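Dropping the structures in below, format is structure tokens.
The following pair of complexes shares a single chain, subunit A, combined with subunit B in the former and subunit C in the latter.
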Partner chain A sequence: MTNPTSGHTVESFNEEMRREHRTVLQMGALVRHQIRNAAKTLRDEDPEAARKVIADDLEVNALDIQVAAHVEAILARRTPVASDLREVLTVAKIATDLERCGDEAGKLAKLTIHFFDSPAIAPNYQLLQEVSKVAGFVDLMLQESLDAFDARNIDSACEVIRTAESLDGEFRSALRRLMTFVLEDARSIGQFVDVVLAIRALERIGGHAKNIAGYVVYLVTGRDVRHEDLAAIERDLKITDSIS
Partner chain B sequence: MIEISPPSKKSEKNFTTRLESVDEFDRVETVGEMFVDRPKVSCLGVSVHYGDKQALFNINLDLGRNEVLALIGPSGCGKTTFLRCINRMNDTIEGCRVDGEIKIEGAEINHSDADVVSLRSKVGMVFQKPNPFPKSIFDNIAYGPRIHGLSGPKNELDDIVETALKRAGLWEEVSDRLHTPATGLSGGQQQRLCIARAIAVNPEVILMDEPCSALDPIATARIEELIDDLREKFTIAIVTHSMHQAARVSQRTAYFHMGHLVEVGVTDQMFTNPRQRLTEDYITGRFG
Partner chain C sequence: MTNPTSGHTVESFNEEMRREHRTVLQMGALVRHQIRNAAKTLRDEDPEAARKVIADDLEVNALDIQVAAHVEAILARRTPVASDLREVLTVAKIATDLERCGDEAGKLAKLTIHFFDSPAIAPNYQLLQEVSKVAGFVDLMLQESLDAFDARNIDSACEVIRTAESLDGEFRSALRRLMTFVLEDARSIGQFVDVVLAIRALERIGGHAKNIAGYVVYLVTGRDVRHEDLAAIERDLKITDSIS
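What follows is the complex of A and B.
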């Protein structure tokens, strides 16, 4: 199919589409940096670095506002249709999801401040290890979903959706492991709740990565698969393939 | 709501070959919903030659009842030629030959016994530029009913004129000056007058060839609103170069390219996810 960011008779339209595509990828790179840094502040017990993560979220917000303004202008001036319209809508949706990922990274950073720059008792190392593990997992998902968007690769997008379905299992097994700490020492219940909230924030990032993968399927095929499971998506895609 | 025929009927002839380049036209087959249940107009294997030059290649396309069908495509693709086949306007062009089957309500319009005057009363046409007769507003509308013998006493003719102007959304603006020259109306009013003139003879089909290309956005919006209203009573085929007009006014869209019908589809689908790359490239402004 046509590359949605090029080939228009009007070259300035190509440039506008490429610009938004690049901005979203730039925003994605920034958000991934935020997630990794937020998880690192917990590992390093560094509330100063956590404050920087929170401050840097403003940059993500600014990019979100910028994409929204540009998308509005493109819709008003170019009135795109077909793959162009899907590209513009996809860019807008991805930017929104990335902005929320940035917010979740901020929650993680706030936890570092809560644990290590306040009278609250810091959780033990094993509890925080669970956070690092899930952070690495969702960071990879986000990377793969953004790569799938950049390459318009449905197979990669489906892989992210598949991973997201296993993220739920990962979240539950992390909960089970954390529960053992609570059972051993009931005084850690407060820390347990804080860590669960942190893992929950990371799980939401995984959900946003899944959304982005769904947008890629929509971008390439025109099918909105956000509320379908992977088996249904792959069945639909096979039918489409066999028709074309 | 347009009823698209299920694949088991005539649309078994629908094709699914993907056309990736103009070079593949030798084996082009139309993709999409060319056929509808109980069509008002049915075209099968329509080809048109202007002398040695072939302008249309084996077009299969139905016009549904109470449907607005938009015909889109680059200049010279054959969409106006196709439109003119439906009321035999091509008969007036020397050296033009139309092959294939064109039926209105099942009756072949190119049959040797077919009455062209009667056909054109059934199939009205509105052109790119408003073309009111150099007569009064009243006489512009009354002209058709008079020559087709549809009008009886004067009162009846008054009623026909009033009804046509009301249907065209022009009555409120001209009711107090019916006997003034039609050429004194604005461009948008003149075009609505031409639509009123076309519907005054109770046609079944209205053909519109870029009816808004000479109008400002407000006049265009009024014509589009009118097209939507007229759909309740008539079948309408509209040729337009405005993708957005096609998207706004039609229920199905047909994309022509170099005399071939490349794709036909429900308009929403055509403008969000067309099946053919050529259609996609055209509507997104990648060539034209």
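What follows is the complex of A and C.
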């Protein structure tokens, strides 16, 4: 409650926060759209569509600026405390992470441009297969983290954190497979580098989904779990559960 | 001013903010220490020291948690507005970016481990030269962004943003040089990938330095310049200067 003596102020705060909550979910939908579209431009071998995906980032950036400005105004005018304050801070943090996901999606779109916009040599399609796989994987992670935020669901948030912990291993396996392809055809080294960097960008999106899941735990419990491992988080949440 | 009717509150706010300001600079010093130490472990071929650099990240993480908790407490108790509020939010944002720089420095330390901890093949020293160069470059950028924050100096902040705009080009040139080395010795493809990822991690530190410089412009002017290019920022700042 921002001010328990004034029902009007409380109502206005809730209304303003509902609006920011919706904006953040809208940003999330846009970013997921960017990721899936970027992956599609790669399958369709369509550099023109890839340029559009990069341009779409302006919309995400504009929403990011808007959320930051609203958050500042809400903090100044409503002076929220406790769980209300956490809600405001969480919205600001999620918007920042989503904005960076948009940048990473742009890097995936650049891969399409590098591969199919007047390529110097024939595209190595084996390399591209790995990218599609990882794109689908992190898009799902991002969806799950945003759903967890929308429903304030800690179990789902922990599930995202669990998935994220296996992400580095997945990335390393993909790299090993990619290396065998480039050893078979050394001329594709430039394409190989582009693919490695695109997969790294996608891995970063998975990292942002993990951050968002961490914020959900903070939002609901007040606990900052960003630097803890999942076992510690779940153990403590269970203890809290059994006490309450 | 948090509350112009109470000198005591204003004084306490300023005191608390001085403390957070110092903590953020301390975090910055630690992270720069990590970057330089990680680069040194590579020159010294010392995987043991590299493990220590990775362990040092715990200290940075602890400071990050501390700043976030203090920021939340200051917002709840002091309810700052206007430039005071911007100061609180800036400190929180810089701490988040510095914490991520610490993670990236850890990736550089991992390169030392991959190269020199029971390596499968002889290290390709040509590949490593590029890493040292980029490490020195982004360490300097980070220092300049932190100095700009400490002095609230917009000109220095713009200089960091200018440097950051050339960073992608530098990265691409380094990649091209690295590719020629791996073409001469295809067996070093695994080392090549590790180096590419380490340089990408360093480039991310440069990106965080740019973010910090952007927050300095926001802190001083109230303007959110994260998604603007430098020419637009400088033009508008000049116009503001000549009016005031």
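Here is the rule we go by: the second predicted complex is superposed on the first by the 230 of 244 C-alpha atoms of A that agree within 3 Å, B and C clash if a C-alpha of one lies under 4 Å from a C-alpha of the other, contacts with A are read in each partner's own complex, and residues count from 1 in each chain.
One rule holds for everything that comes next: contacts are C-beta pairs under 8 Å (C-beta built on N, C-alpha and C of every residue); 3 or more make two chains touch, one makes a residue touch a chain.
All of these numbers come straight from a predicted model, not from anything done at the bench.
In the superposed model, A:83 makes contact with subunit B only, not with subunit C. Ranked by how many residues of subunit A each touches, subunit B and subunit C are led by C. After overlaying the two complexes on the shared chain, residue contacts for A:13 are found with subunit B alone; subunit C is out of touch. In the superposed pair of complexes, A:179 makes contact with subunit C only, with no contact to subunit B. In the superposition on the C-alpha atoms of chain A, the part of subunit A touched by subunit B in one complex and by subunit C in the other spans residues 79, 81-82, 85-86. If you check the complex, the residues on subunit C that touch subunit A are 58, 61-62, 64-65, 68-69, 72, 75-76, 79, 81-82, 85-86, 89, 93, 96, 175, 179, 182-183, 186, 189-190, 193, 196-197, 200, 224, 226-227. Within the complex formed with subunit B, the residues of subunit A that make contact are 1-2, 7-10, 13, 79-86, 221-222, 243-244. On the side of subunit B, the complex with subunit A involves touching residues 16, 18, 243-244, 247, 271-274, 277, 280-281, 283-288.
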